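Some structures to go through are shown next.
First subunit A sits with subunit B, and in the next complex the same chain sits with subunit C.
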Partner chain A sequence: MTNHSAAENQHSVDTKHGAKVASAPTSRAALRKAVVVGGNRIPFARSGGAYSHSSNQDMLTAALDGLVARFGLADEEIGEVAAGAVLKHSRDFNLTREAVLGSALSATTPAYDLQQACATGMEAVIGLSNKIKLGQIDSAIAGGVDSASDAPIAVSEGLRAILLDLNRAKTMGQKAKIISRIRPKDLSPDAPSTGEPRTGLSMGEHQALTTAQWKISREAQDELALASHKNLAAAYDNHFFDDLITPFRGLNRDSNLRADTSMEKLAKLKPAFGKSLGDAATMTAGNSTPLTDGAATVLLASEEWATARDLPILADIVDGEAAAVDFVHGKDGLLMAPAFAVPRLLARNGLTLADFDYFEIHEAFAGTVLSTLAAWEDEEFSKTRLGLDDAFGSIDRTKLNVNGSSLAAGHPFAATGGRLVASLAKMLHERGQVDGRPARGLISVCAAGGQSVVIIMEGR
Partner chain B sequence: MSEETLLTEMPSLSKLYINAAAAAAKSKLLRAQPVVALPSRAVEVRGVQANLAKVTEFAHLMGEPARDVLPSGYLHALVFPVAMSVMVQEDFPLPLLGMIHLRNQVEQLAPVLFTDKLTVRAWARDLSGHRSGTQVQLVSEIHTADGTELLWRGISTYLAKGVFLPGLDKPTAAPMREDFVPPAPTAEWRLGVDTGRAYAAVSGDFNPIHLSVLTAKALGLRRSIAHGMYAASRVLATVPSSKPHSFSWDISFDSPIFLPATVALEVLDRESEDGLWLGSEFTAWNARSTRRFFSGTVTAD
Partner chain C sequence: MNPHNKTSRPQQNSDKYTEFVSRGLGKDLAKRLGLPQPAILRRYSPLAPLVEGPILVVGQGAGADAVATVLLSWHQDVRRHTAPKEKLGAIVVVLDELGHPEQLSAPMLSVAAALRGLNRNARVVSISRQASSTDTPAVAAARNGVDGIVRSLAKELRAGATANGIVLANGIAADAPSAMSALRFFLSGRSAFVDGQFLTASCAGSVTEPDWTKPLTGSVAVVTGAARGIGAAIARTLARDGATVFVVDVPAAGDHLAAVANEIHGTALQLDITSADAGERILEHAISRYGRLDIVVHNAGITRDKLLANMDGAKWDSVIAVNIASQLRMNEVFLASPAFGNNSRIISVASTSGIAGNRGQSNYAASKAGVMGMVWSTAPLLAERGGTVNAVAPGFIETEMTAKIPFATREVARRLNSLQQGGKPGDVAEAIAFFAQPNAAGVTANVLRVCGQNLVGQ
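The block that comes next holds the complex of A and B.
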């Protein structure tokens, strides 16, 4: 009974503004738990760097093999593996299954691809956790991979149409006639872009509008970027990633990390997005994530499966929620869906922001994190848009992205969810109990298309 | 309408443009006395049907899914040859080539399917003075095959620049140009030099001013310009207008979109208290010079 639509039909709660919050079905307590055993990723590399010539399949296989080695899963048949890539060639239609076949896992491990833009890894974790909770599978690996360096390039629409017609032609005469349609401009390739198809604006341009709307200062964004680098560098120094990362292609830490950056250095950077805003342009290459290559995986299981193999249990996947906003004409910012997903998820679980010990809010841009926090602190937004009686609340900033996040580590789109879930599981496990309850963490990831996926986890 | 010309098939736009060019040459040679009245005849074509391949290409060019319901902008392209036939009639008082598109007002009264057989009528009305020439309205209507139900009506306002006909009053002064301060854009279009050719290919409107720098220069423009209906159709593709049964739209053109161009666009939706789409207002401007290209509204009926 964790099926979302069923829960919504039978247990939906109408808020006064008509926003529906799916409430927890009464039988959820009867479900078994889905736990995080651990994770493995390869270091993230700035695009055009160490992984320039590594394919999505190379990187996903490397991350899987590291996970297999860490938890002794060689030749093991896993219940199911789900992963995806945002920038994916159509020939990689079975990317995850192919990576499984090339990995040390048993060849009888089923796998599927999924894709929800930057939330791909998060959705993989929720879907597989639900299967474990329902008893359909006992173990699972969720993951994601992306390469901005080795991105697929398509032929132009004109050439594509001609080649398809050519394939359908029967006689030589027909074929010659079709070939004669090719024009020089048809030969220019069509590379993927980060532009939103419906608006033509890049993600950065969209966020620049949101950042200006919520009046987020350049200084506040640079401070968040600086904290991300400092926290990530400290986490490496403290060996936090020793059992979360396997080196690949000569890289043993995220290549975007600048441990020696400073407010002065960040302040020198020129605006990269929102230049049409003039003086209000605040987003630079320093407080925005770079294009990145990388892969991440998370091992999920039932308690019984992990215990039987004497594997660690780091945390529970408690619940997850997806949301989307109508950004096309600017009603909400492109990356503001987390502002809606988190209040809904917390309401369903009877929690407030004060009940969390860690917040992992994906740093697509520093402005994204700060706009989301500003919206939650805004009484008007909370009343009119979230249907609450008061401001949703603020978070203790010392609990935010404490081991660094995407601004420092980089953001290979589909891999970010796996990085976040594995890292938070370890943090929660290390924290243990807080005030007589398990340490609790929240992950929030925004995604292209105005979407968001968020997850609550509790430590063991 | 007192009289009517019934065409047995859809006229060819390319032939109409050639006729228009010939007429222009002839009137220069003969220095014919200008006529100051519009022909009273309507032109009608029966049994008109959309070309499915073209509709599909049209929708894809606009970035919208190709549905069985025809895009409202495509219907303008469908009826355009009939309106052109009105304008190439010998007694039509204005030269067709080089006419400028000022405004389009469309009422979409019911959805039209690609399988529908249609009756299309067009006529001219309201010949009137304009500060920089003479303007005229072309009314086009799409009816069910039996002519009993009106499905779509479009009114296009055109300006023949520099043509002043005797007896037509013209407004003396240009209206005050309001200062335009561009808002934050909600979208951006990067239009390449081939934008006009691409729209010509899906709409059939091969007006030379849209095709290339050379053909545009031949008609006195410094570069080729985007079709106004391309802009209108792209805006329509992004508003929820396909959802209500009937809706209307209205677009006014302030300045031509010389190609290539970066068009900044703001679309503002109006919603009812319970979140139903009531309509949208849109404005587009040159992202570099901030000169306004066009503005308008889409309204759910």
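The block that comes next holds the complex of A and C.
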């Protein structure tokens, strides 16, 4: 079974390589460019904290208003706004449009919701960039928001069925009969979970298996977590976020940031996931992301639109790619899709890992990042699963998540893509030229359902 | 956040007493008990008339005639003599030809005869010449005499009426554009909380007649400390007058700053003005987004009050760093840039504490008196390129900050001026917007108090 699916996977990779690499240069050269003008997010708050009583709409509206203020867009009509939330109330069916209506943007700005789990913001960036490249729109705002604090709680399936029947009942007698079906167990609410519907395992338990599979040590994970906190704290100290974040509800910084954490402190934490592995359990609250509330937005545009408004151009959205793994039946871990998406995207663009100056690999868990890197360095994996002649490669760790990532900042699922794209765009712009070419960056985000979305950007 | 409320303004504490004594039972009661009776002041609106009623121009010389002509060109109802029982909106007394204190008598008695006919919120404005050591003693005595007249009359007037003066430098005509821009300011509701004060017209200024409803059209302005209070009011007022405004405040105040920026269709720049490159970053923002910078309003300021005996280094240094050192450093950057063009404006917010001193505010008063020194010394540097630099010194202004003063102290502080009430953030903003006007080009190196003629200091 596993051999079979491996062969299939390999086949599809090869096909994609061949087809896309051959066709890409001519077809994409005809398109105009989609650029990142800038971004804005609110500080991320650990769930149950500063944003406990803020809704997704509140947070997304605040993030939009900060973006509008940064770029002078009050009452401007934007081509389209796309954003989404992973944990979403059914009443928020038009969440993004409602946020636009509550924001300082023109009320004639269209908007739509989308959702691709933790890759929501990334997919919003790619979709809107493509529309800009095609000339369908000139400007766009991509974003995402999530609240684990204000999460929807549904009634049980039993009660839901009874209530729907009740709604259809016509006579008092029918109604009384239906109401009499309610049992105490029907009254317990159904809260959302991060569990995978097809396995019943939480994301952390899935990653614990992958972490063990790739033999990632506790120490390596804690080192990555420590670097994330140190890098994020330094970025704040260097005023990196002065034009990327607008405060909200009295919070000025990501509340999960622990600037004073240390290897000793991280080492003291007990395993939180993979406890069934016994002594081999390595994943703690310190090297896993906490549930987080927050929102992030990115302003995208054609070059002409940005130039006409004297707005900055920070970076190009060069290309993007989605991938998925069969984590249910196959041998890949739930969060290992980036290991496939990145090689495909790089091949299509004729690039290798050595051609990048910054890597933003979303830290769902430290183990996720390290498992992905391990897979790329693994000759066997690269040959059999990626269809390459040799190991895909390793990356210079000094280029990885240099201003901190999700382990320190937190991870409001749909908001992470916006945070990454805006931050990387600024880093690439500040870096300028490298060896006579624009600074280049890669973003990789894994997502529930065994998915991944990755993006290449170049600085201006 | 209420999605229906796109912009939120911080609530200002209202002066309930003034509302109470302005009508009905409260009005009677205050009158019988001899309590202060502050008036509801006439404040500026672009649509409101310049003054409410005819303007009496007192004075016999060519200067008075010229001023009357300017007022007519502004479509004002001008009188050269009082008519019996006619109510007046303003008296302009032109004293530009004084040679001896004895010559004060005739014009001042004409003013006296008209005082009882003044409407509520009327204006008395003098136009006289600067006394200097090169004058003959009699001329200097006459000219300086006007100072005493205006400050006394300001204390005498009631019902929201004010008295202020324009001082002409030698060689400046009474109807010079700079003097007339100051006259327009004093007559209008812009000067509602300015009382017993003088503006000096040191050169003639430009002769262009702007669109008076939007006099700042085409200008690019930056306001620091604009997230709330007086700074936010300044940003709103400059935008109302037609300027393109970007607002600056520390990143921690960014959410309030964004709301202000969006309300006025400007941009927000989160920036600590004490950072070494603050001036460069403001200039870079101005140039990249708007192509240039015309108006700089240094409003950002902090207080760290302590008696000097209890002062520590952190409290002293932070106040100096924010309130004056940052301004000096930023001004150097602006003055060195061609983007800070001709007709440029720098306007700083000083404080009456910097003029009169205040117990427990030696650090703050040092910084604010320092601002005044900076203004005087920067004026010649800017004059070379047609720019001006001025300061506004607010007295007791109703803000979130003064709302925190204990009730009794606050109530006393409010009444300690000729208008017997606290000012509003907009009153400070109006004075700043006046200095920013192209027509105020000849008005430089002034420190204008917006204090309702507070009893302390000048």
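Assume the second predicted complex is superposed on the first by the 434 of 460 C-alpha atoms of A that agree within 3 Å, B and C clash if a C-alpha of one lies under 4 Å from a C-alpha of the other, contacts with A are read in each partner's own complex, and residues count from 1 in each chain.
Simple rule for what comes next: contacts are C-beta pairs under 8 Å (C-beta built on N, C-alpha and C of every residue); 3 or more make two chains touch, one makes a residue touch a chain.
In this text, all values refer to a predicted model and were calculated from it rather than measured experimentally.
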item	value
Which of subunit B and subunit C A:G436 touches, first, second, both or neither	neither
Contacts of A:P184 with subunit B and subunit C, given as first, second, both or neither	neither
Of subunit B and subunit C, the chain that contacts the larger number of subunit A residues	C
Partner chain(s) touched by A:V68 [first = subunit B, second = subunit C, both, neither]	second
Which of subunit B and subunit C A:T199 touches, first, second, both or neither	first
Which superposed partner A:G278 touches (first subunit B, second subunit C, both, neither)	neither
Which superposed partner A:Q57 touches (first subunit B, second subunit C, both, neither)	second
First, second, both or neither for A:L209, with subunit B first and subunit C second	first
Which of subunit B and subunit C A:H329 touches, first, second, both or neither	first
Subunit B and subunit C contact sites that coincide on subunit A, given as residue numbers	none
Of all residues in subunit A, those that touch subunit C in their complex	54, 57-58, 61-62, 65-66, 68-72, 74-75, 98, 101-104, 239, 241-243, 245-248, 252, 310-312
For the subunit C and subunit A complex, residues of the former touching the latter	1, 3-4, 6-7, 246, 251-255, 257-259, 261-263, 265-272, 275, 288-291
Footprint of subunit A on subunit B - complex, ascending	63, 184-190, 194, 238-239, 264, 266-269, 274-275, 280, 287
Contact footprint of subunit B on subunit A as seen in their complex	18, 185, 197-201, 205, 209, 212, 276-277, 328-331
